[in-house]
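Next, two complexes with subunit A in common: one pairs it with subunit B, the other with subunit C.
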Partner chain A sequence: MTKYTSVSIPLTLHKRLETIISKKTGFKSVSDYVTYVLREVVAMHELKEVPEPFTSTDLEEIKKRLQALGYL
Partner chain B sequence: MQSDETDDGRGGRLARRVAVLGFDSVPPEILFDKLITKLPNLGRMYREGIHGRLRTCDPPITVPAWMVMMTGRNPGELGIYGFKHRRGFSYNDGYIVTSANVRARTVWDALSDAGRGSVVLGVPPGYPVKRVANAATVSCFLTPSVERPFTNPDGLRDEVIQAAGGNYIFDVTFRTENRAEVKKELFEMTEKRFDVAEHLAKTKRWDFFMMHEIGFDRLHHAFWKFFDPRHPKHVSGNEYEGIDLDYYSMVDGRVGRLLPLLGDDTVTFVLSDHGSKAMQGGFCVNQWLEQEGYLSFVKRPEAPVELDKAEIDWGRTKAWGWGGYYARIFFNVKGREAKGVVEPSELEAEKRKLADRIAEIRDHTGRRMRNSVMEPQKLYGTATGDKPDLMVYFDDLDWRSAGTVGHDSLYLFENDTGPDDSVHSMDGVIMMSVPGRDLGGREVKGARAEQVAPTIASLLGMEPRAAGFAGSTIGEALEAVRG
Partner chain C sequence: MASAPHGGRLVQVPQTTPDSPALAGFGESQRLMVTKETATTVANIANGVFSPLEGFMSEGDYLNVLEHMRLESDVPWTIPVLLPVPEDRTFSGGEEILLVDEGSRPVALMHCEGSFGISRQEYANKVFGTEDRAHPGAARALDGSSRAVCGRLKTVVRPDYGEYADHTLTPQETRVLFSEKGWDTVVAFQTRNAPHINHEYLQKSALALVDGLFINPVLGKKKAGDFKDQVILAGYKEILANYYPRASVVLSVLHYEMQYAGPKEAVMHAIMRKNFGCTHIIIGRDHAGVGSFYGPYAAQEIFKEFPDLGISPLFFREFYYCRRCAGIASEKTCPHKEEDRLNFSGTKLRKMFSEGETPPKEFMRPEVAQAILRFKQPFVE
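And now, the complex of A and B:
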């Protein structure tokens, strides 16, 4: 089971979110919508710090392989 | 093994478990039209399940297509446009897209949050391997070697090596001069993948099982002209004429062994990420751009060379292109590129002008190519990451884009980076079977890659949007399971 915790948001914001999700967004609750939006924001922040996983030798090898296959 | 978890309380589960056999680059023309009657196990899925064409994403490339399927996001939302990206607005700096570039939630991420187990074998981009709780993961064909960490958890490594008979193979070495060796390695690699798949299916707790096999793609790129009589270079009676049937039959036998291990409560999919077809040639995009006045050299190369190695006169260059199964076009914009010349205010007009010219390109016989030009922002709605300014398919993808320069002609009949037989096409395949049920071999129409994750989420009892998948579902698949 997914475990949940509570986060407080102003009631006025909650009401506005209810209005948004009632307009055929497909979300069943404000919590679902807020979770969805926050995941997007978190992912955007995480993407800014992507480390290079390949060594320079790996990179040359992979580029050669992809090139030989016509991908580059 | 079966997970003890039930659903997450957000609705009924249509399927106890779901399995995906991901066959890279399998086209409906080969699997359905040519070989299905000769493949007993896949043939049964075809006749007793449902099947159809699965429209892939633009571009129809392995990376991003599998992630489009597994996240329900389009390439613009993912910010992934191919195996390699340009870094920012640099001229020469690029990077290979890896698993670290995928931040959108996958099916197994969503299941993991609900404490439910997954097996993820070789799904690209899967290197470096991600630390996902409740997932037994083996990285993909982009893994440099078995010496690097390639499993999650780490302890799975020894099991994989052992299941593969001591030598797990991520990918074949593509040697055009020795096809016999490629063939041997190809079959060996795929057998080992299924050995590992069987081991994982039997021993791990999972509600979602997925394996990816790259061997089909390698078979197509290395042998298409040998088995397809319609390929311009096909020679009748060659020794590899039946290699497609040999390889697909070998896989079919392994599918027959694997299916019982997946269990009689598992809905199983066969999916491919794009199709394949005979390559007609390569179109030298940068030479054409030079001819049209968009690209200038300090000194024009006299022999074929990669664009990076050529001396480009950036002060007189408006646009350049990248090679691959589609072309990426970049404009040299003032204030954006270091030596930009196109005024930002003129960029949109320049894109339109170039698109009009691309539409007029003719092939070597003078016939007008069926070219498509797409702009990421308009195509995807949102286009994040290191996107090109324009994306181009030459002649409905029959011609690849050759990025190298210094050729005698705009038209190449060998791949400029090594001989190659096939290109990609927009339609892959989808098949789905439910054990113990005859669904009558109905054809599914209009299924799209980004519908796969929401469909699997729904089958497993997760409300797609709440689980993080915004797209629509493949209604016919859900209806078929509901009965």
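And now, the complex of A and C:
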């Protein structure tokens, strides 16, 4: 099950976030909001540098099949 | 550039043939018979449709998915992928299990990592939001086993898709295909239906925003009254041949058992299409719903929970033919009343086809209707 840990942020930032959240619906706490925003950031980083899921030999075979089936 | 695979890596389990020596010599206690639907799930894990899963879920992943809609690794995931086992069978971690089909033919070799109990009621409530047996997914969960075995797939027997083989592409293949076509953005359309005009408008509206359209009908076990697999495919072939720009559309089927889990299933549909390389997915009205178990746009709302999904949903209201607009309109663009809409219930449509009639061309393209009529019994009984 999901476990939690604490991250320190300046108290002043925490207060500003509280103000934002009080005006916006959907977030129960600063922690929820920070988790949401960080997941967005993490996803952006993970998009980069994903290896191709095939070798060049695979690639030629895949193209052959796609051509035979009329997809290419 | 295509979407990155979910969890960062496209899973590829080594494939073999049924007569491989690696699959021989397993005694009765090391064999586990699986249903056709589970065998389909095995194939989907093996070719990466369910990336990053490499096998059937552990208890930790299972509980995390139920509670938080995420795997233990924090990757979004909304419906457990379990391997149910008879409650009187025991399996211990570390042993190898040969999964066999109903005809005792090998399906896959799995490295067992243990087994665990599941509360059927909890499963039904958390996944489907109900214990009502009128919900086909909840009924199946409530009648299912309360024990599951988990583990990584080591080898799978190359799946045989029979008459659908030539229309079945793997995520590796679609990724190459999209890249060869030069598509940077691809929108997926999930369907379990023969195409109506409203689907066509939905797809074409989405296609206007991206490079390519990936029509990916689901084939497999469905509920009574749904169109049969052959009918869906025949309908799509007709509509594509007559009304779609060939260069910007790909049709390929997905073998998968519908769960009818509404919003949670909409997210799974998006994850699977992300693995196929799609950057967008169409989410319309009552996506993957059944009866009135889910709000009409609940399947759009749920996407707010996942800023890290890695595929963008495109939300649409329902399209229909409006007599007063004298054309295809949507709930968003047409001010008229429901009575002005041309609509056929599933029941009425089934009656029509069974009497050899076809719906008007404002509801379904005549070529599609004719293709359906060529089937003696087009609906699942």
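Criterion: the second predicted complex is superposed on the first by the 56 of 72 C-alpha atoms of A that agree within 3 Å, B and C clash if a C-alpha of one lies under 4 Å from a C-alpha of the other, contacts with A are read in each partner's own complex, and residues count from 1 in each chain.
The working rule: a residue touches a chain if its C-beta (ideal position, glycine included) is under 8 Å from a C-beta of that chain, and two chains touch if they have at least 3 such contacts.
None of these values were measured; they are calculated from a predicted model.
*Asks:* Considering only touches as defined above, state whether A:Asp58 meets subunit B (first), subunit C (second), both or neither.
*Replies:* Both partners, subunit B and subunit C.
*Asks:* Given the touch rule stated above, what does A:Leu69 touch, subunit B (first), subunit C (second), both, or neither?
*Replies:* both
*Asks:* Of subunit B and subunit C, which one touches more of subunit A's residues?
*Replies:* Result: the larger residue contact count on subunit A belongs to B.
*Asks:* Output check: A:Asp32 vs subunit B and subunit C. Expected answer is one of first, second, both, neither. What do you get?
*Replies:* Only subunit B; A:Asp32 stays clear of subunit C.
*Asks:* List the residues of subunit A that touch subunit B in one complex and subunit C in the other.
*Replies:* In the superposed arrangement, which is not itself an observed complex, subunit A uses residues 1-2, 26, 36, 39, 43, 46-47, 50-51, 53-54, 58-59, 62-63, 65-66, 69, 71-72 for both subunit B and subunit C.
*Asks:* Note which residues of subunit B are touching subunit A in the complex, please.
*Replies:* 5, 8-10, 61, 79, 82-84, 95-96, 98, 100-101, 103-105, 113-115, 127-128, 142, 144, 171, 173-174, 176, 217-218, 221, 322-325, 385, 400, 403, 415, 417-418, 420, 423, 463-466, 468, 470
*Asks:* Write out the stretch or stretches of subunit A touching subunit C in their complex.
*Replies:* 1-2, 26, 36-37, 39-40, 42-43, 46-47, 50-51, 53-54, 58-59, 62-63, 65-66, 69, 71-72
*Asks:* What residues of subunit C sit close enough to touch subunit A in their complex?
*Replies:* So the residues of subunit C in touch with subunit A come to 4-5, 8-10, 12, 48, 60, 63-64, 67-68, 70, 72, 74, 166, 169, 171-173, 175-177, 180-181, 250, 304, 306-310.
*Asks:* Any idea which subunit A residues touch subunit B in the complex?
*Replies:* The contact residues of subunit A facing subunit B are 1-2, 25-29, 32, 35-36, 39, 43-44, 46-47, 50-55, 58-59, 61-63, 65-72.
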